[in-house]
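After this come two complexes, each holding chain A, first together with chain B and then together with chain C.
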Partner chain A sequence: MDYILEVKNLRKKFKNFTLDSISFNLEPGYIMGFIGPNGAGKSTTIKLIMNLLKKDGGEIRIFGKDHEKYEKEVKNRIGFVYDENYYYEDLTVNTMKNIVASFYSNWDDNKFNGYMKEFDLNPKAKIKTLSKGMKMKFSLAVALSHNADLIIMDEPTSGLDPVFRREILDILYSVIQDEGKSIFFSTHITTDLEKIADYITFINKGKIVFSKPKDDVLQNYGIVKGGLDILDGNIRKEFIGIRETKVGFEALTDNMDKTRKMFGNKVLIERATLEDIMVYSVRR
Partner chain B sequence: MLGILKRDISLLVSSKQTILFMIFYIPFLLFIAESFVPEYMYFMILVFYTYMMSIMSFTYDITGKSKYIMNSLPTNRKELVIYKYLSIFIYLAITIVYAGVYLWIIDTLKLADVDYFNLRGIINAIPTVMIYASIVFPAYLKFEPRIAQIINMVVFLSFFIISNNISYVGDKGALKYLGMIKWEYVMLLASTMYILSLLLSIHLYRNKDI
Partner chain C sequence: MRIIISNSSDEPIYEQITKQIKAQILKGELKQGDLLPSIRALARDLQISVITTKRAYEELEREGFIETVQGKGSFVAGQNRELIKEKKLNIIEEKLSKVVEESKDLGISFDEILELLKILYEEV
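== the complex of A and B ==
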């Protein structure tokens, strides 16, 4: 299969953290949510994909090509949005746009102007005068104005209010209507992904916990609630994570059918949210 | 590369700090170095301005936050480094025009005795900025910004002290020894340093975590 993004056994070692042979793939036309707690390795992975960090091992292929060997060609087809504004604060929106546009072979000024209008951005405004939300919209407008086939976003919605977040998610959803485009989207706001993601890749402590279709994840993972009387050492091992109180327990399972068969009506089983999955997996 | 040049010039004219530096540095130099021979004053202005503009542009992409943007755009590290090295000549050309106009105004208004165009000053400035770039650029790529800034300051002050000595009019000055050094040898040394430094910088930046 032709993947738009292939990460194979990717390794990067720092003094206090190691990204440990992670692998995942993204197909054209899908949104992949990249989740994990702070410090799990999300930004490191994105920086490695963008060749901002040098990998210690493994392989990254974008559009089927090695991301280092074909760096320029590959980056011409990538739109990027980072978690904070790295644009030059002293420049106006329009000057910054002109600078960025000169790097891309497929820059579309009409598209950019369309986004400027849609986002209510003043081209004459200096970047430093924009709010965090408006800066993010500017980044998004830049990322979407050169007909990129892959949009890479590192925590684009963090620090934004729900209205802004919803607007950004709606735009991403409209981008993905073009079946050839894909979005790789890291966040720890998992509710955003429940709305738009097709695949979820979960990373924790530098290791991939899973990389699966979102529907599979939400179908199989469940929160089990029951009394302490049914818990023993072996039962506890059946769960991914467990939280015990004086009156009972809540636990995460990745196999709701098996859990149902095991406990019958002694427990209550509910569908787990991505947040539940993240919280219980981290607590493990 | 045109994109980066466009960016650098936009930043140059949009930053208050740079504009202040551009406006006040020439009068500052004229004020602190009254006894300089006009030819050497011209040479010093060319070198200072070129050097400062190159370093400002260099640090934007190497130590500033915007390095993430620049390195995420469709370009590669080799191109970025080559641009940085070539840009010193572009800055020298900008400086020749800018300082020429500025000094011509000073000369016309008879505010000071200055050269506003001096071929020898330009010819001497070329190897000088090449040598500076050859030392300072790899330092910024190899070391953390604080150490690189110290190296930058050492080089900058060394230039100032050496120039001050060379330019001092009188028997104590080193001006009389300058004629003994052939420009061709200096240029050969500068070119060798420049090429070796460029290759080293490409290697360092290619393997650097941004």
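== the complex of A and C ==
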């Protein structure tokens, strides 16, 4: 299988934080959501992929090529959306676009103008006068206007209202109508991912907790609710995270079938959401 | 084609899709040669992941309900009459076996089930 993005044993050490031998792969034609709490290492990983930070060890291959050796070639085919605005605030949208466009060999002005219309952006407006949502739309328009095969986005939906988040999802669906293209995006708004993502990669404290098809994750993880009388030390160990109160307990399991066999009708088992999985795994 | 997905159902989404497409083929609402939406277009329309629609189509293909032609798309496969009859019977068999199982659990006899079935069949 040829991967569009391959991260192998990626390491980066900071004073107070270590990204610890991270590995995951993304095939062409699919969307991968990258989740984890604040400070888990999401942005660091993305910066390392984009070579905005130098890695200490490991391997990153994009389109099958080493991301440092072939940096220029690789970046030409990536549409990158960053969570902070990295544009010159005093320039107009159009001038900024002209600067960015000059970096890409496949820049498509028609496509860009199409997005400007679709997003209702004024080309003459200064970047600093744009709202957060407008800036995100501008970044997105740039990322989608040079025929990129891989779209990488760091928290593209954070701070945006639900209406616009839904619009972004529609745009992402239109990108992957082409089965050669993939999208990798980090977020902590997991409801967006529950719809669109094919794969979920979950990072916590600099380590990958899992990287799996979303359907498998949602199929196997469950929230178990029951009375305190059935809990003991061994049973507590069966769960990934547990919240006990005076009136009962709630816990996360990564094997609903096993839990169902163990407890039968003594507990209530419900499907876990990605948010449940994140919260319980981090709290354990 | 008509597909309605419930996000709160316990049934996996790919199964909801396969069931609904199968039912439409068996009822003759979808006919041999009808073109289905592409995997990616269906994912977009239902706002679900590509992997999910792909799995649904693969399942339908494996069971002979649809055929995929590389570069052209997925079509409703030719269904032979006997096979359709058999598939319809399979669906009912599956449901009845659950009824039998539960009846045994509850201590209801074969004659009692039969009696009930008679009444229900005439009523509905």
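Here is the rule we go by: the second predicted complex is superposed on the first by the 284 of 284 C-alpha atoms of A that agree within 3 Å, B and C clash if a C-alpha of one lies under 4 Å from a C-alpha of the other, contacts with A are read in each partner's own complex, and residues count from 1 in each chain.
Here is the rule we use: contacts are C-beta pairs under 8 Å (C-beta built on N, C-alpha and C of every residue); 3 or more make two chains touch, one makes a residue touch a chain.
The model shown is predicted, which means the values in this text are computed figures rather than measured ones.
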Side-by-side fit of chain B and chain C on chain A, or clash:
fit
Taking the superposition as given, does A:151 touch the first partner, chain B, the second, chain C, both, or neither?
neither
Quick check for you: in the superposed arrangement, does A:35 touch first (chain B), second (chain C), both or neither?
neither
Touched partner set for A:76, first chain B, second chain C, both or neither:
first
Going by the touch definition up top, name the partner, chain B or chain C, that contacts more of chain A.
B
Identify the partner contact of A:86: answer first if only chain B is touched, second if only chain C is, both if each is, neither if none is.
first
First (chain B), second (chain C), both or neither touched by A:52
first
Angle at chain A between chain B and chain C, C-alpha centres, nearest 10 degrees:
150
Once chain A of both complexes is superposed, is A:174 in touch with chain B (first), chain C (second), both, or neither?
second
Taking the superposed arrangement, what is the smallest distance in Å from a C-alpha atom of chain B to one of chain C?
28
Can you check the complex and tell me which residues of chain C touch chain A?
10, 12-14, 38, 40-41, 43-44, 47-52, 55
Considering the complex alone, what residue numbers of chain B touch chain A?
2-3, 6-7, 10-11, 14-16, 60, 65-69, 71-76, 79, 207-210
Please give the residue numbers of chain A that touch chain C in the complex, ascending.
29-31, 169-170, 173-174, 176-177, 179, 195-199, 213-215, 219, 271
Contact set on chain A toward chain B in their complex:
47, 50-54, 71-73, 75-76, 78, 80, 82, 84, 86-88, 90-92, 95, 98-100, 102-105
